[in-house]
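The structures considered in this document are given below.
What follows is subunit A paired twice: with subunit B in the first complex and subunit C in the second.
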Partner chain A sequence: MKRIKTYLQPEYVIERLKDRCNKCKICVRECTYNVHIYNPKRDEILSRDEYCVNCQRCVVFCPTKAIRVRKNPNTYRENYHWTEEVIRSIKQQAETGRILLTGMGCDKPHLTYWDRLLLNASQVTNPSIDPLREPIEIRTYLGKKSEHVNINYKDGGDISLETELAPQLRLETPILFAAMSFGAVNLNVHRALARAAAEYGTYFNTGEGGLHPSLYKYSDHIIIQVASGRFGVNAEYLNKGAAIEIKIGQGAKPGIGGHLPGEKVREEIAKLRMIPVGTDALSPAPHHDIYSIEDLKQLVHALKEATDYTKPVAVKIAAVHNSAAIASGIVRADADIIVLDGVRGSTGAAPKVIRDNVGIPIELALASVDKRLRDEGIRNEVSIIVSGGIRSSADVVKAIALGADAVYIGTAALVAMGCTLCQRCYTGRCPWGIATTDPEISKRIDPDVASARLKNLLQAWSMEIKEILGGMGMNAIESLRGNRLQLRAVGLNDAELKVLGVKAAGE
Partner chain B sequence: MLRSVKLEGDTAIINAEYLDHKSMNRILKSMDSEGIRRVKIKNVYGIRYIGAGMKSNMDIEIYGTPGNDLGIFMDGLRITVHGNVQDGCGNTMNSGEIIVHGHGGDIVGYSMRGGAIYVRGDVGYRAGIHMKGYGDRNPVLVIGGEARDFLGEYMAGGIILILGLNMKKRMFNMRFVGSGMHGGVIYLRGRIDRLGEGVEAAEVNEEDMKIIGRLAEKFCRYFNYEMDEVMDQEFMKVIPLSHRPYGGLYTR
Partner chain C sequence: MRDLSRISNPYRDDKVIDSCSLFGVIDLEGRRFPPKAPIKAMDIMSERVNGLGAGFAGYGIYPEYRDAYALHVMFMGRDAKGRTEEFLKKNLRVLMAEEMPTGKEMRDAPLIWRYFVEPKIVNDKCSEDSDNQIVECVMKVNNGIEGAYIFSSGKDMGVFKGVGYPSEIAEYFCLDEYEGYMWICHGRFPTNTPGWWGGAHPFNILDWSVAHNGELSSYGTNRNFLEMYGYRCTMQTDTEVIAYALDLLVRRHKIPIGLAAKILAPPFWNEIDSMDSKERTLYATLRQVYGGLLMNGPFSIIIARSGEMMGLADRIKLRPLTAAIKDNLLYLSSEEAAVRSVSPSLDRVWNLRGGELLIGRLRSVKTLEIPPVVGLH
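Showing the complex of A and B:
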């Protein structure tokens, strides 16, 4: 067959301001996609627009600010139905016959409910609280909560707890770092996440790629993940976390397995996962030992057996149509924590059609799961963590008001470290040194700096959460949990309001 | 709990009749820490997770039928089962040995990382799937009888040897062998005319025969077979066509 000429035009074009460029070649060095090339014969720097993904690395590092990356002005005729993206996708598939791969979370505008939900504040009838002057409690415990507690009152006034409490995770702020595997990101990123979690008093999730032994010292702040590929899973690993998470599904790609492209499977990653170097690390779509709730219960118990019932076990599912019923099953399977990951959840690699079309918004799934578990009288049996596109402290507060105990942040954490959401994580050439395992490019993440940036983000959001709580007249985040009266909606229809359990603004 | 345990010389005998899995593993772990190296468990009727996650060189003999996930995550135990095992035997085991004098259920050796499983009889669906291997760590699954579909699916390392000793014909009947396999090797005693996608059947070489011989010898020793009985037929192997069976599926 004849080679097919591509009809695709570059998405972005590079403009180099001649009067500013001093040919220092930093852009040539910084671009991992070889967009900028230096021609010594003519002493000039050229750009190959077709490789540019608009990651902004060269723009940020250009000392004379000489580079502009612009959307290619040569766009197709405007059409609301046949958008630029649609046309490009069709052409690309017509030229390759393959599945479109992408990275990060769904980038479409129509799936966010957070922006339709507004928060309450105290006015006249109950006083608001100033968090700068009065303590506001945002510490959060995750795990099963006992229905009753029996207390022993002893002579002399001493008391002790008779009820044996289920193991709990203690969070100083209701925010955890979401699962991102060693392989999807590099060790420097894991180091930064682990250190920030440990120093701030929260948790980092290993994702499905095992835990590098150099991070064992952060054990008390690590949630270790067990997924269908069982990569890196052994008894030692299971005991090196404060909790264990069984990953059934992921918001970015519900129903399909994991796929770490071979480009990223280098020596260290292969060793930890115990697979050949350079192969695609494949996690099957289902766990082949879990075909039912009863089977899930079996893995939950097997993990508890292997860790002597000392650690909470979480089960992570993608938010899908029957999440509420599935969540009820997860509680009955004896899990301590449910993790719900919404349609906007991110990934290092997923088929674009799945990422953008499969699953439901986390806001709706969370509200229906929380309601279902309360209706069944089992909400105390489990904590709920939600994830999938949490962008700000406001999203965190709204999630908690809708019934979450805590949130996971993945993309927000990466953005704090440098990510610009260019969506090319699967290439393994991340110019910001995050979604790459290339030893040279990985050096772009300095764990000291990156962990400081992460801690700053946690601190900033935590302060904002306290501000919002204080404004509502609450001094503890417990008072907000599932408290939908603190939410009002704008621009939603009756069905959506009913699912969310929220009144319309003004009502 | 204590009623269920007695000592005979250096061997502890556990009567499993009235035990649940939690107490069973608690007993095994406390015996291990007390230095008991040999344990016999009698009257086992479906107790799950025996030996789960145990890091020990204890020698455990089981009489009866252990339940699902026997030896899951185990690290170093030697378990001999006088009976059949159910699903998930040796699930994600790290090292050690499981010897089954009967048949195995589904997903025997799922995601094994090291050690060996020897099954005298048949195994169910998806045996040895996602077995791993790296450097000198090379898990082994030896099956005396036949297996059902998807043997060695997603296999990334390790060795499966399937002998088909009870087969009337010399042709294996299982389907989708090695689908998505990207590492490791499956040796078959006999022929197979249909394979999973992304794998090929190949002739065994001298090096392969050495490995087969070594594993067959152990098999014979464990289950009282003569080497001649086992080595009387030709072997072949199934190996992945590529390290990246799905590399060509996506466009960026």
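Showing the complex of A and C:
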């Protein structure tokens, strides 16, 4: 067969300002895609635009700020229906015959409801509270609560507590770090996440690739994930965390399994995952021992048995059409925590068509799950964590007002460490040293610096959450949970308002 | 099913918003007296009310029917009275029925009757059973019969309330003809309701009456929580959620009132963290399970039930509540001036601290003392 010439033009073009460039070659070293090359014969730096993913690594590190990465001005004729992205995708597939891969979360414009929701504040009839002067509490406990508390007492006599609560996770802020597996990211990233979680008083989720023994010291702040590949799952692993999460699905690729290419499976990773070096690590689409809800119940109980009922068990699902009914089943399968991951949820690698088209926005799924569990009177029996595109403290506050107990952040945490959302995590060459297991590139993440950046982010968001709460006249976060009266919507239709259980602004 | 909230909250706001004056007095010896002093005290606090609602709850006022439930019912619809009486006769034993004695005419006053009733089958061993039957009847009438509203349903007590200034309401119901050992009173300044007779305070269910001043920022969360336990917050007022919360905690979940107060206005986490281990577990468990009942935002409330008057303010004390003692009388009031107006010299007067429950019991006054926790496992 004849070789097919590519018709694809570079997406970005590099401009190097000649009067600034001092030919230090830093960009040549920093770029993991070999965009910048040095030609010693003519002593010049050249660019190969076609490899550029616009990760901005060279731009940040260029000492003379000589580099501009621009969108290639040579684009196709404007067309709302046949967009440039569509045309490029077709050409790429015509040239390769493959499924298009991508990384991170869905980037389509129409699915963010957070921005259509606005928050309330106190005026006149009740006072707002100043977080600089008064305590505002955002501590959160995750886990099964009882239907009621049994107190034994005689009037004027002794009081004794008869109720013993199921195990709880204590969070100093309602934000946890989402699952990112060792393999999808490298050990330095895990180190940074684990340390920041431990030092700030929250949790880090291992993802499905096991937990490196050097991180065992952070056990009290680690959530152990059990996914369909069951990589690295053994009794020791299960007992090395504060909680266990069964991953059924993920917002970036609901219904799809995982695939860690053999190149990324280096020795350490192979050891933890208990597979040979260099083999593909395949997570099946479903758990092959869970084909129905009673099977899930068995796994929940098996994990509780294995950990002597000392740890809450979470079940993570992608937000899909019947989330409310599924969530209700999960509560009845005895899970302590439900994790809902919305269509914006990120991944190291997913088919683009799945990432952008499967699943529903987390805001709508959360609203319907919280409502269903309340209607069934079982909301107390479970905590809800939501994830998938949480970008700011405002998103966190809105999520809690819609009914979440806490949120997971994945992408936001990576951005804090350096990620620029270039969406090329699946290449394994992340220029920021995150979504890569290459030992050299991984050094770009210094766990000390990265964990400080993560802690700063948690601190900043926590302070903002307190400001917002105080403005609403509340000094404890539990008073916001599911308090949709604190939300109003702009520009949504009646069906959306109904699902969200929120009034229109001005109403 | 009828939607009371349309009357109580006609503009469909998130809830009814109001501000108020509170006053309560109990004779700790149990001596009964007409509410002359409380009416005068309420008058002094006229700055806090706007004539759109006032009410009184008197305890010990019906000694002749001490063991019957006294139902005070408003009728606003044409055939509401007939249907209600039919319902009451079918489900309860009606010992006495009469129109509420009233004084001079008031504009928009509904027809008000009172009924002394007993459950048809009385289970001697289980008074709870009778209580539940009455609660069920109240809920059924209030949610099911158009134009009928039962606003008082306790034994040997009664609520009198309506649209007007406190003195007008007192005069309308001829309150000087009653004698009780305890009176709690409320004057209202609603901002978003035209005033509806049933919407005035105190709010009552069975033995409990609540008069409240404040606005709960946590209302949405509180309501969600209570709805999970079968309560329907039809009035959309903060007072209603406080009354239901107490009913759930104290009557249904058997939590001592002192601890129930620590659920509505809990200690801060750093206070809980520094408690000894048994107390810490107790308070942490209460906050974890009943976090949805934390009443967040400014409030002060006076709660009454047979033999007890209680006062509680939110945990950072954003609304006033003053307590005072003179001889055998314990007072609670939004303002000290109101107490002084009826009792110029006082033995003791003090402001309640945020989150502190004061209980005045017949023959004993004590601030909240929760005995040490024992027997944790």
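As a working rule, the second predicted complex is superposed on the first by the 498 of 507 C-alpha atoms of A that agree within 3 Å, B and C clash if a C-alpha of one lies under 4 Å from a C-alpha of the other, contacts with A are read in each partner's own complex, and residues count from 1 in each chain.
Criterion: a contact is a pair of C-beta atoms (placed from the backbone, for glycine too) under 8 Å apart; a residue touches a chain by one contact, two chains touch by 3 or more.
Computed from a predicted model, the values in this text were never measured in an experiment.
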item	value
Which of subunit B and subunit C A:Lys91 touches, first, second, both or neither	neither
Subunit B versus subunit C as contact partner of A:Arg332, first or second or both or neither	neither
Partner chain(s) touched by A:Arg139 [first = subunit B, second = subunit C, both, neither]	second
First (subunit B), second (subunit C), both or neither touched by A:Gly278	first
Set intersection of subunit A contacts, subunit C complex versus subunit B complex	none
Residue ranges of subunit A in contact with subunit C within the complex	122, 125-127, 129, 134-135, 137, 139, 141, 145-146, 148-153, 155-161, 163-165, 168, 374, 377, 379-380, 472-476, 478-486, 503, 507
Residue numbers on subunit A that touch subunit B, as the complex places them	92-93, 96, 98-101, 229-231, 233-236, 238-239, 259, 262, 270-271, 273-276, 278-280, 282, 284, 288-289, 298, 301-302, 305-309, 351, 424, 426-427
Residue numbers on subunit B that touch subunit A, as the complex places them	21-22, 25, 29, 48-49, 52-55, 68-69, 72-75, 87-88, 91-92, 94, 107, 110-111, 113, 126, 129-130, 132-135, 137, 153-154, 156-157, 180, 182-183, 243-252
Residues of subunit C touching subunit A in the complex	12, 14-15, 17, 19, 191, 214-221, 224, 227-229, 252-256, 259, 266, 268-270, 278, 281-282, 285-292, 294, 296-298, 315-316, 318, 370-377
